[in-house]
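Pasting the structures here.
Heads up, the next two complexes both have chain A, just with different partners, chain B and then chain C.
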Partner chain A sequence: MAPVDVLNQISDVIWEIPVSYKEGMRVPARIYGTEKLIRELDDAVYDQITNVATLPGITKYALCMPDGHFGYGFPIGGVAAMDVDQGGVISPGGIGFDINCGMRLVTTNLDYKEVKPHIKRLVDKLYERVPAGVGSAGFVKLSRNEFRKVAEQGAQWCIHNGYGWEEDLELTEEQGCLKGADASKISEKAIDRGAHQIGTLGSGNHYLEIQVAKRENIFDKNLAKAMGITRPDQVVVMFHCGSRGFGHQVATDYLQSFLKVMESKYGIKILDRELACAPFHSPEGQAYFSAMQCGINMSFANRQVILHRIREVFSQVFERSPEDLGMHMVYDVAHNTAKLETHVVDGQERSLLVHRKGATRAFGPGMSDLPYRYQEIGQPVIIGGSMETGSYLLTGVSTGDQTFFSTAHGSGRTMSRTKARKTWQGQQLQKEMQQKGIYVRSTSHAGLAEEAGGAYKDVDEVIEVAELAGISQRVVKLTPIGNVKG
Partner chain B sequence: MPYEFLEDIATADIAFHAWGDDLEEVFKSAGDALINTMIDNLEAIAVTETRTFQLENDELDLLLFNFLQEFVYYKDSELLLLRAQQVQIETKASGYHLTAVTRGERLDRDRHHQRVDVKAVTLHQFQLEKTDNGWTSQVILDI
Partner chain C sequence: MLGRTPLTVLTGPLGSGKTTLLRHILAVVPRKLAILMNEFGEIAIDTKILQGKNVEMADLGGGCVCCSLLGEFEAAVDEIIATVKPDHLVVETTGVAEPDALVFDIQESLPQVRLDGVITVIDADGMVKYPQVGHTSRIQIESADILLLNKVDLVSEQELVTITDKLHTINEIASIISTVRCQIDPDLLFGIGRDRLQSSPHHHHQPEFESFSHTSQAVYDRARFTEFADSLNSDVYRAKGFVQFPEGTHLFNFVAGRWDLEPFEPSSTELVFIGKQITQQKPEICDRLQSCEQK
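Up next is the complex of A and B:
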């Protein structure tokens, strides 16, 4: 049970832990949630978010989004903006090992009735063409030098090599490429781990899902239309994956490099070694920033190649071109990143390194980096719920400045994987889901049991909090009909 | 099985507690726990390939951290599932030195029953301690 008595209630859905809670806190911590969600939070979230509040350069608040839960270093759902001109740090523990783990959403012009007879074949083919599970290798074979180009060019490399459409780039956060990526800052080990993994899904909570935008689940018709959801019971494809072993190794390498210099060279003391960090404006901080951007780019490339495979599979099954099937991207969002952004804080523009760990950027209308088609409505935010309960499409709002324009990323777990595995049985769950109209393929029955809907928070409640707090707005709820589980 | 998976910490990840009569044993147990996180039937891993790890660190617990990372590295880079056969740890003026002989084979989707992939070893609540009965460790793996 969470120590709720330490919280000051700011609004119905915002709760604050004051700086007096722990020695060394530079700013208060703020957690988003209903009273029920807050009461259900693991104690560790309090500990982790207040540890984050002690990091040098942290500005305004250490924030935890409504889907927040036990992480390592930062909680999952943790957001922290570091002022780089005031000694602000960069920390791999504030980004996560899976750099730019993120979501991509693609439309079709098919409706549920047209897809239903083909769902088994579609999912079986996607399972075959998009490798998932432990290890696994993709179909793109690259030399080490070519892989370095992927790390520097991201999704742009894919488009130049025939894995996608030019328009995909405009609909990807950062246009699918962070220019500051420098492949000389990545280790040979990172390349060994990631060079053959482009086009693979991974495991854990990674998935590829076919979903329906049911007519009764459209919250805002105009916003939905602007994002390409225009037909009743329209079928879309959503997937969640990241930078695979490459990004994991980049984070591992720099975590260790920061541990060596953090205290001895920069005099920074931390409360958890997983929060190892270095000043952003230091040789070590800058090296990690460049390497981390390689991880971001590799992840954009991974999702781009997977999109290419999805288009191939739909085209094969429906014997129509992907263009004719209307397989356009809605957007691609990153979850685990640190980005240098300009935000107005107390009336002044400041250069902040915004760490989002298991949190989504949610830029409001008119902000820079939004594609032309979303300038008026704000950034699409793709929320992956559990495989049983459904997912959401939201949009960023202008009141999102309170969280440096960040919002939730999923529904958030409430039960450990180990406990979930004892509670559910994978094969049984697969049958039950099929009876509910969701056809699932997985590399692992145990892994499937760990992802049972009951192991997660109520996604509807999490999204309601995000809307009530004014950090994003509901557009469409999406219902799963087919799933490839990593 | 000289390790157990923990239910009450690490919601989205996997935490385990491993133990052994001596330092070498706790390293071996922790290595097996990491592979067992990914593969249900450890006994199905044949010992056809050998890889030797040579590592050093000033801190003993970070030596375990480095040792565990090697299993994750070989799993991705060569799709190898390895188990430690011999572990030797020496204390020198320059720090702790480890030599480990590990054996295993390439992942076979038909024979090796998968659980979940391990992305990384975290340092969150990472512990390696000497007890009255030997050594214990606690590790949270990023999933």
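Up next is the complex of A and C:
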């Protein structure tokens, strides 16, 4: 049972844990959620978010998004902005092992009626062309040196090598490449793990889904139109994946490096070793920042190659070119990153390293790094729900400054993977989903059970909180009809 | 017939000493071991890698192999058993993994293996430095049968008591064994493999641990033996061997209060008990075993 009595209620959906809660807290912690979501939170989230509030340089609040749940060090759904000019730290536990894990959404000009007869063939072919599973290797085989280029060039490497369209870059966060990436800061072991994983989904909660934007699920017609959702029952493709074993290895390497120097060299004392960190402006912190940006780039490249495969498969099945099928990107946005951004805090511009772990950047209208077409409406935010319940497309809003322009990233687990496995049976679930009109292919039945809708919070409630709190706005809810599960 | 292949899960936070323990085990355990990792660690560097379908394998000499996971875990285990036929499988999780799901999988979906035990390596120094036990570490501690408290030379006596208490509040059943650089008698860690009980002449018990064995030609009553096994106290860290029941010989594996029996090839009763000052309890344990004999 969550220690709800320590919370000060700030609004219907914002709750604060004061600095008096724990020795060493530098700022209060704020959790977003309805009273119901807050009551259902695991105790570990309170521990973790208040531990985050003790980290050097943390500014304003340690934040937990409405889909928050416990994770390694930081809770998933954690947002922490560190002032790099005030000794702020960088922490791999605040970014996640799957560096730059994120979502990409692609439109088609097909409607549900046109796709329905082909759904099985589409999903089967996608399952074949976008390898999934724990150790899955892709069709793009790279030498170590070529992989280093991918790590430094990101999705741009893909466009130069024929995996996609120039316009895709414009519609990717950071144009698909962070310039600060330095491949000399990554280990050989990380390269070996990543070199064959470009164009693969991976396992866990990663997936590729064919979805429908039903007429009744469009909340704002104009915003939807600006994002390319213009016709009734339009079919779109959403996928969720990250930097695979590469990002995992980068995070592991630097966690170990930070554990060695954190206290002895920099005198930083932390409560939980999972929060291992180093000052941003230290050689170790800078090395990780460069290596992490390699992880970000690899992940953008991974999603770019997957998009290319999706276009190929649709083109084969419908015997029309991807251009003719209107397969344009809506956007690609990550939810496991730390970015150096400028934010106004109490009237002053400050340079902050914003950690978003299981939290999506949600820039409001007019902010920098937005593609021209979204300058007026704000940044598209792609939220993956559980495979049974549906997903959302949102937009960033100007009141998002309260969370350094961050919002939720999914529906958030309510139970551990183990408990989900004990509760559901994968094969049975696959049948039930088929009866509901969702055709699923998965590499593992056990893995499928982990992703049962019942193992997650109610995505509608999570999104409602994000809107009520003023950190993002609903545009469209998307309903799955076909799913490749990693 | 051969029994199921025993499998040990090895887990623990980053830097706690898992690789050191594996190296030590490989040096002193006189059995054919297969070590399965998510990816090759330092153990398999610079050896020739054999490409399999679900695993890559590196020959470590002496019949031992190091395997790196490529495909699904279940398929990898099948492949290792089929190609290497190890006496014992050790699965090392990464320092950031939550082992409870793995343990569940092993028990649910791998009928060809027997879970021999979960060993969690904890670094004592880290427990002092970072007073709050992280979420992942907590799950690793909760899942353990044996908590190997490593690097105890880096903490004071008083700190050691505090750490032990803390570990006990998270997991009250597991045996806590203190070590320096993971130097531990592997008899404490492992049950019996596919092969018969082996004496391992070239290693010594931990100074504070003792062992004794009990043999008998008699047939045991199963209900009475079950009662006996349930009542073994926490001084017994490990017990293993063969027991003859009317329905046939069974392999007995006891670790930290958790135990099981599985059918095995015929043998007379032969049991080994390991624990702290366990020889003091020898007369009592042997007496009670005698009362399990069928008249």
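Heads up, the rule we're going with is that the second predicted complex is superposed on the first by the 486 of 486 C-alpha atoms of A that agree within 3 Å, B and C clash if a C-alpha of one lies under 4 Å from a C-alpha of the other, contacts with A are read in each partner's own complex, and residues count from 1 in each chain.
Methods note: contacts are C-beta pairs under 8 Å (C-beta built on N, C-alpha and C of every residue); 3 or more make two chains touch, one makes a residue touch a chain.
Everything numeric in this text was worked out from a predicted model, so none of it was measured.
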Combined model on chain A where chain B meets chain C, clash or fit: clash
Which superposed partner A:Phe70 touches (first chain B, second chain C, both, neither): both
Touched partner set for A:Lys422, first chain B, second chain C, both or neither: both
Which of chain B and chain C A:Arg193 touches, first, second, both or neither: both
Which of chain B and chain C A:Gln375 touches, first, second, both or neither: neither
First, second, both or neither for A:Ser321, with chain B first and chain C second: neither
First (chain B), second (chain C), both or neither touched by A:Leu271: second
First, second, both or neither for A:Gln9, with chain B first and chain C second: neither
First, second, both or neither for A:Ala446, with chain B first and chain C second: both
Contacts of A:Asn205 with chain B and chain C, given as first, second, both or neither: first
Partner with the higher number of touched chain A residues, chain C or chain B: B
Touching both chain B and chain C, residues of chain A: 44, 70-73, 97, 133-135, 137, 189, 193, 245, 248-249, 252, 255-256, 259, 272-274, 416-418, 422, 443-444, 446
Residues of chain A touching chain B in the complex: 42, 44, 69-73, 76, 93, 96-98, 133-135, 137, 189, 192-194, 197, 202-205, 244-245, 248-249, 251-252, 255-256, 259, 272-274, 276, 413-419, 422, 443-444, 446-447, 450, 486
Chain C residues touching chain A - in the complex, by the definition given at the top: 13-15, 39, 54, 69-73, 94-96, 98, 100-101, 104-105, 108-109, 126, 129-137
Chain A contact footprint on chain B (complex, rising order): 5-15, 38-40, 62, 69, 72-73, 75-77, 79, 107, 109, 113-117, 119-126, 140, 142-143
Footprint of chain C on chain A - complex, ascending: 44, 47-48, 51, 70-73, 97, 133-135, 137, 189, 193, 245, 248-249, 252, 255-256, 259, 263, 270-275, 416-418, 421-422, 443-444, 446
